[in-house]
Structures are given as structure tokens and as C-alpha cells.
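Letters are used for the chains, namely A, B and C, taken in the order the chains are written, and counting of residues starts over at 1 for each.
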């Protein structure tokens, strides 16, 4: 009786694990778990960042204009007079509730300031990545299919230029050309789709270069592998060989790069938003640094970090979709 | 194979060149041979003698690095080298298909095995998706892969080496080609699996009535499967003979050397000789010897061999040697 | 023994020279270094001295690249700016290597708990895009040349750690390392004598590329006003102050940007060429 029960349990467990494998739950779980050390690391970073600053943490958080009572208030509120490990635990607790404190400048909750601007930055970032992929990946493919041709040289040189160009300078130059000389597009601010064009193109420029180069080198490698010859030997059309057989394999490193580029994009967003007076997180962090508004600085850094981790998770999930070998790991 | 049968494939004066940083490399230098319907022709030689390049030249698969092919390759009377891109595409996988050496890397890791078999059928046989997948399962069954239904939906990394090679064979046979170019199909496999694959190929060949060009350096495989043999060295054909005649009475010193270097248990008692090696190494393509290409390693080299390339001497209908020795 | 080292090294040098692009990069770098070293010779006068009478002038014979909003010669400021940029490039890379290489060596060689901790720390740092990390560090440390170099340098450390660790992981399995260990060689000696030389190849490539990145980052910080502070002639901060005058005098923003662009380009070209020549395996 006992043995049949245990047998049934084992059978159920086996079925569950098969199902989990099928839906990549194992893989997803593993990836989620691996973000925990990083999250802890980030919280530690932020925690100690504040305390590394010269002066009294409570005063720093309260801002330069704060009165002594306000400073004491903050000190008491955040428990800055308690032992350090208790401080850390309460810090974690507040993070979990998304309580990031109040801006020293505006006294608004930091989370509100961030929430107001996050969509703007995301909008730019997503459009920029989409543009970069739409232009970069085909450019890389064409380069790889016709290596050392004039189009390959053109793409490679343009890519190299794009990599070396400072994002903010490109932005300024685009403003000069398109806003000042040609008067086609506005120089800054938001409002209509025309306002989105220049900032997103500026952001995309740097990333396009990376993506195009990466696509080119992975496609070159893939196209010289054995299975490509096999595919051709079956009489498949060349475009089928390139897209269905080669590209699908090359996508794995390309997706990695796209994910990494998202990070670069967030960094570039800081500069681009400044150039185009775009009301996003990048502007927020710069203004906060200049005004020494540490709660906001802390909060924005946290959000940037979380965003990046999220993007990397998504990238890992995409991997598993594209490369079946990873699913069954 | 009587005098009036036209060969299925006729390779005439095939030259394949590669332009490298170190100069022009003639990987295949004036090769000719014929393959008849339904027979197995063995193409033998050491690594680097140009046998794989010959096969790839037939289907014009030399893209990376790009090869320059000259000569005539007549398949059922048509010169394949005169076909345009569309033309050769229709031949590939359909009339002539190829099996490659490394089953590990020759299958696309991100596509299901069934799909890799089915796509050729959809392309050449005008089947729709469902039919092609059904056909793929049939092919897998024919190459004796158990559970073809579920196997066809799997990815190559789930297959063992032997199974992958079977899948490759299934892929090659999927459109019922008249000729298969098998490039070292068993070299990368374990010995026991080798035997299985060879048996499978033999059976399928008889069932589908396909001709095979069997490229290998393994004389044992040749003895098992081939009916005629062409021996290549350094990009040229040095001997051609029916298999039994080749093994019994090799004429070219290189062939003699090859056969002499097969380990045989009890050889010393039988022949009184120890294992013989061919001294020296295969010449690098950029530095081919003058005269007969084999002369630096030949045990019976004469002065003439060093100066002049030997002519092709026909000994019988399907028997020839490229050696000065035959002249005397 | 010396022959075998000379041979491949000389071949790689020849290969590098053949690469026209890398050559161009090298020449550009030499131009920058020369202008940095000989700045007072190339441009007499004080690049930071204001001359409000001549502010925002277009390029002319007197001032080949025009003047900025305080009347200073842009050409002069760019030439002196090359000093700053090269200083930053070298400083940042030094910081990155000094911290990153030892940590990477230790992490890759000893594995275990040390490796785990260093790796998690690296992961955390890599959770932020490079520029943001430098930005965060500047927020803590403050502005100015020294802090800029330290901040950007630290943001480069994770890259070096990863690079070195990867290299060490593959080298430590080599037979000669095992042999050295079997003979009883001390770990430190093994690390320095056997492993470090192998690491130098990808490090050299990375360093060239990182110098370009360092200049970009520093210029970015300067542009935002939280890097090198005026009146020090740093290209990025020059662009930052030029922003307000974009409509009237776009040339003020154009030329420093070109200087940044060419400097970064040259390091990228050199780095690419080095990568191709030294070892195509070490792709980043």
C-alpha cells in the first residue's frame, strides 16, 4: 500500500517536472534565483553609498535647506540612530514597499518623481532599440552575405563612426542640421511625434553600430559552418539558407548584444535627455546630482538597475525560445 | 554496365582552384571518372588529396572560401557547370544529394530534425506541410530510427552520433536522388556504429536504386561497399580499378603502399613482411613536386618520374594507372 | 628560445602594420600625443584666458577654429584639451587595470568562495550600464579631474575582472600550469610568470578600446557639468557650455565634438587592429 502511494507520488513528480521542462519553468526559476544576489548587491551598494558621503547621512537626505528639526525628523523616521544592521534591514523593508523617501528638493515622494518620468525614458529607449534593430540587423546580414563588397565597407565604416561618436555631440549636430538649418524638427521638449524623432535617432545611432557589427560577425561565422553547407546541398534557396538556417543560429549572440545595448542606451539616455530637454529619468538624475538631492539619486539608480536586470531576464527567456539546447539544460 | 550504357555522372578534367593569401591552390587538378547508375564508386585517398573538394565541386558548394571550378561535369548528359543558380539548385537534394562527414555539426541545431528532412521534400516534391512531415517520419522509419513520430519533433542535440548520421541519410534520400555523394559517412562514428550505418546504406541503396560516390580513406569500407574504386593523390587520379582487382593487384606504388599499410593480424606469417608505411607526407598544395607528384615518396622512383608527369595508361575497360612504371 | 618569441611577435607586428585602418588610428593617436606634449609650442598663450571682445567669432585667420563664448581660441583649447583627455585615458585605464587584473587573477585562479564573492560584486556593478555607474560614483565622490578619473576607472573594473578571469580559467587548465604546480612553484610565481603573459593579449586589446570609452565617458560627464570643471579645457565641458549658443554659433559645439570623435575613433581603430593581429580568438 505504502509502496504504491510512493510510486504514485513519484509518478506525479515526474509528470510535473516534464511539464515544467516543457514550459521552461526550470530555466525561468533558475534565472530568477540568480538575480537575488545581484539585488542584494544593489541594495548594499545603495545603502553604503549614502553613508560614504561626507557628513551626516540624515542631513544629506534632508537636503541643504532643511531645518534642524527636519533633520532630526528624518533621522528618527529612518532610524539612522540605530545600529547599522538594523538600519539595513529597515532599509530593505522600505525598498520592498517601494518607499524611497522624499526628494530633498521638492519634498515629493521619490517614487512619484520617478513614476512621472519613467514612461518618457522607456518610450525613447524602446523606440531607439527598435530603430537600431530594424536598421542594424539587416545591415549586418547584408554585410555578411557580401563580405568585402562596397556595401560591406560602407556599413563597417558607418558602424565604426557611430561607435566613436559622442552621443551628445551627435544630438547637438542633429539639432543644428534639422532644427536650426532645415527647421524641420523641434530642438527639444515633448508634445508630438516630431519631438520624438531626433532624440530617438540620436540614442539609436550608437547602438546601431554595435548591433550591425555583431550581426555581421556572427552571421559570417554561422554562414561558414557545416550545417549551412548541408542546407545548400539540399537545394534550398539562398534566402532560405540565410534567414531560416543561418540567422536563427546567429540570433543568440545578437540577442545578447541587444540586451547589453539596452544598458548602454540607458546610460546614453542621460545625455540625450539633457540635450533635448526630454523630461525623463536621465534628466532627473542629472538635476539631482547637481542639486545634491540624494534620495532621488538613490531612487533613480535603483530603478535603472532594476530595469537593466529585467531586460536581461527577458533576454535570457528569449534565448531559451530561440536556442532549444538551452531549454533542456 | 555494358558498353552502351551511358554513365550517370561523368567528370571530365575537373579543376578546382582556391585563391589564398599564399597563392593559388589547385585542390583538384585534372580529375576524371565516371559513375554508372546504381553502382557504388569508391573515391579513396589520404586527407588533403582533394576528394571532398571533388564532391563539393560537383554540387558547386564551395562558397567559403570560394572555389573556381573548371572542366565538365556531365550528369545524365547535361553539364552541371553550365547551369545557372536556379538550375544547380534544382539538382541539389533532388537528383544529387550529399551526406557529410560530421553529423554533429552538419545538422542545424535550432531546427527540428523532422523539419530538416521535410523542407527538401516540400521544395522538390511539391508536398504541403502535413505531407512533408508525414514523409519525414517515413524516412526516419526507413533509416531505422525507433519512435520516428516523436523523434522527428526533436532537435539534433537529442540524437546520438549514429542517429544523427541516420537522420542525414534520411535527409539525403528524402527526394529519391539518383546519386548520393557520401563524404566520409562513417569516419566520425564508433566502429560498431560504422558497421550499422554501412549496412543501412547498402540496403537503402538497393531499395532506392541510387548510385553512390563513397569518399573515404578507409579501405575496409571500400572493400565492403564499393564495386569500383578511384584512387586520388594530391589532387590527381592515380589509379582506377574494380574493387577486387584493386585489392588483388594494385598497380600504382601509392595504392600498393596504402594496401600495404593495412594492419592485418598474422600478416608477418602470411606475407613475411611487417607493416609497411609510405615514407614522407602529403605535399602541401602550394609546393607540389615536379613531375609525378608521388615521386618523393615512391619506392620505385625512376629519373623520368622526377621530370615528367606520367600519362594515363589504360589497362582495361575500367582499369587505368597514372604511372611511368606501366610504360615499361 | 628567443627565436620562437621573436618570430610570431614580428609576424603579428607586420600584420598590424598591414591593417590600414589600425595604422590610421595609430597615426591619429600620435598626433594627439604630440599635441598634448607640445601644446605650449603649438599654441602660444593661455587657452583659458578670457577675451570678451572677441567672443563667439567664426573661424578666421587669427583663430582658425573660431572663439568660444569667453573669446578663447577653440583651437588652443582643443590642443590643450588633448592633454586632459590623454591624462584621463591613461588614468582611467590604470585604475581599471590596477584593481581589475589582480581581482580577476585571484578570482579565476583560486575559485571557491573568493571567486563567488568577487563574481557577485562584479555582477552587481554590471547591473548598471557603465556610464551610469561612473555617474553614481561622481555623485558620491564629487566633481573634478581626480574624481572623474577614479569614477570612470572604477566603472571599468568589472570589465577587466571578467576578461582576466575568463582568460585565467582557460589557462589554468593547461599542462604547463599543472607541471609548475607539481614542482611546487608558489602560486604567486605561477600567476605572474605563466598566467599573466597569456592574459596580456586580451588586456591590450581591451585597453585600447577602453581608452576611447574613457574619453567618451569623461566628455559625457563634462558635458553634464559634473566632470572636469571649467575653465579647464576639457572637450566635453566645452560642448556643454556651447549648448546655450547653439543657435548663434554652432561652430563652438562642432569642433570639440570632432576632437572627441577622432580621438575615440583612433583608439577604436587601433584596438580593432590589435585584436585582429594578436589573436582572432579573443573576441569581445
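The rule is simple: contacts are C-beta pairs under 8 Å (C-beta built on N, C-alpha and C of every residue); 3 or more make two chains touch, one makes a residue touch a chain.
What you are looking at is a predicted structure, and each value in this text was computed from that prediction instead of being measured.
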Comparison of A-C and A-B (more C-beta pairs in contact):
A-C
Among the chains, which one keeps its Cα centre farthest from the Cα centre of chain A?
B
Chain A to chain B: how many Å between their CA centres?
51
The distance between the C-alpha centres of chain A and chain C, rounded to whole Å, is 23
Residues of chain B that touch two or more other chains sit at none
Spell out the part of chain A that touches chain C in their complex, as residue ranges.
37-38, 41-42, 44-45, 49, 52-53, 160-161, 163-169, 172-173, 175-176, 180, 187, 217, 263-268, 270-271, 274-275, 285-286, 289-290, 294, 297, 301, 304-305, 308-309
Spell out the part of chain A that touches chain B in their complex, as residue ranges.
223-227, 229-238, 240, 244-245, 248-249, 322-325, 328
Of all residues in chain C, those that touch chain A in their complex
120-121, 123-124, 127-132, 135-136, 138-140, 212, 216, 219-220, 223-226, 236, 239, 242-243, 246-247, 250, 253-254, 256-257, 260-262, 264-265, 268-269, 272, 283
Within their complex, chain B touches chain A through residues 56, 59, 61, 63-64, 85, 89-94, 97-98, 100, 102, 105-111, 119-120, 123-124, 155, 157-158, 168, 171
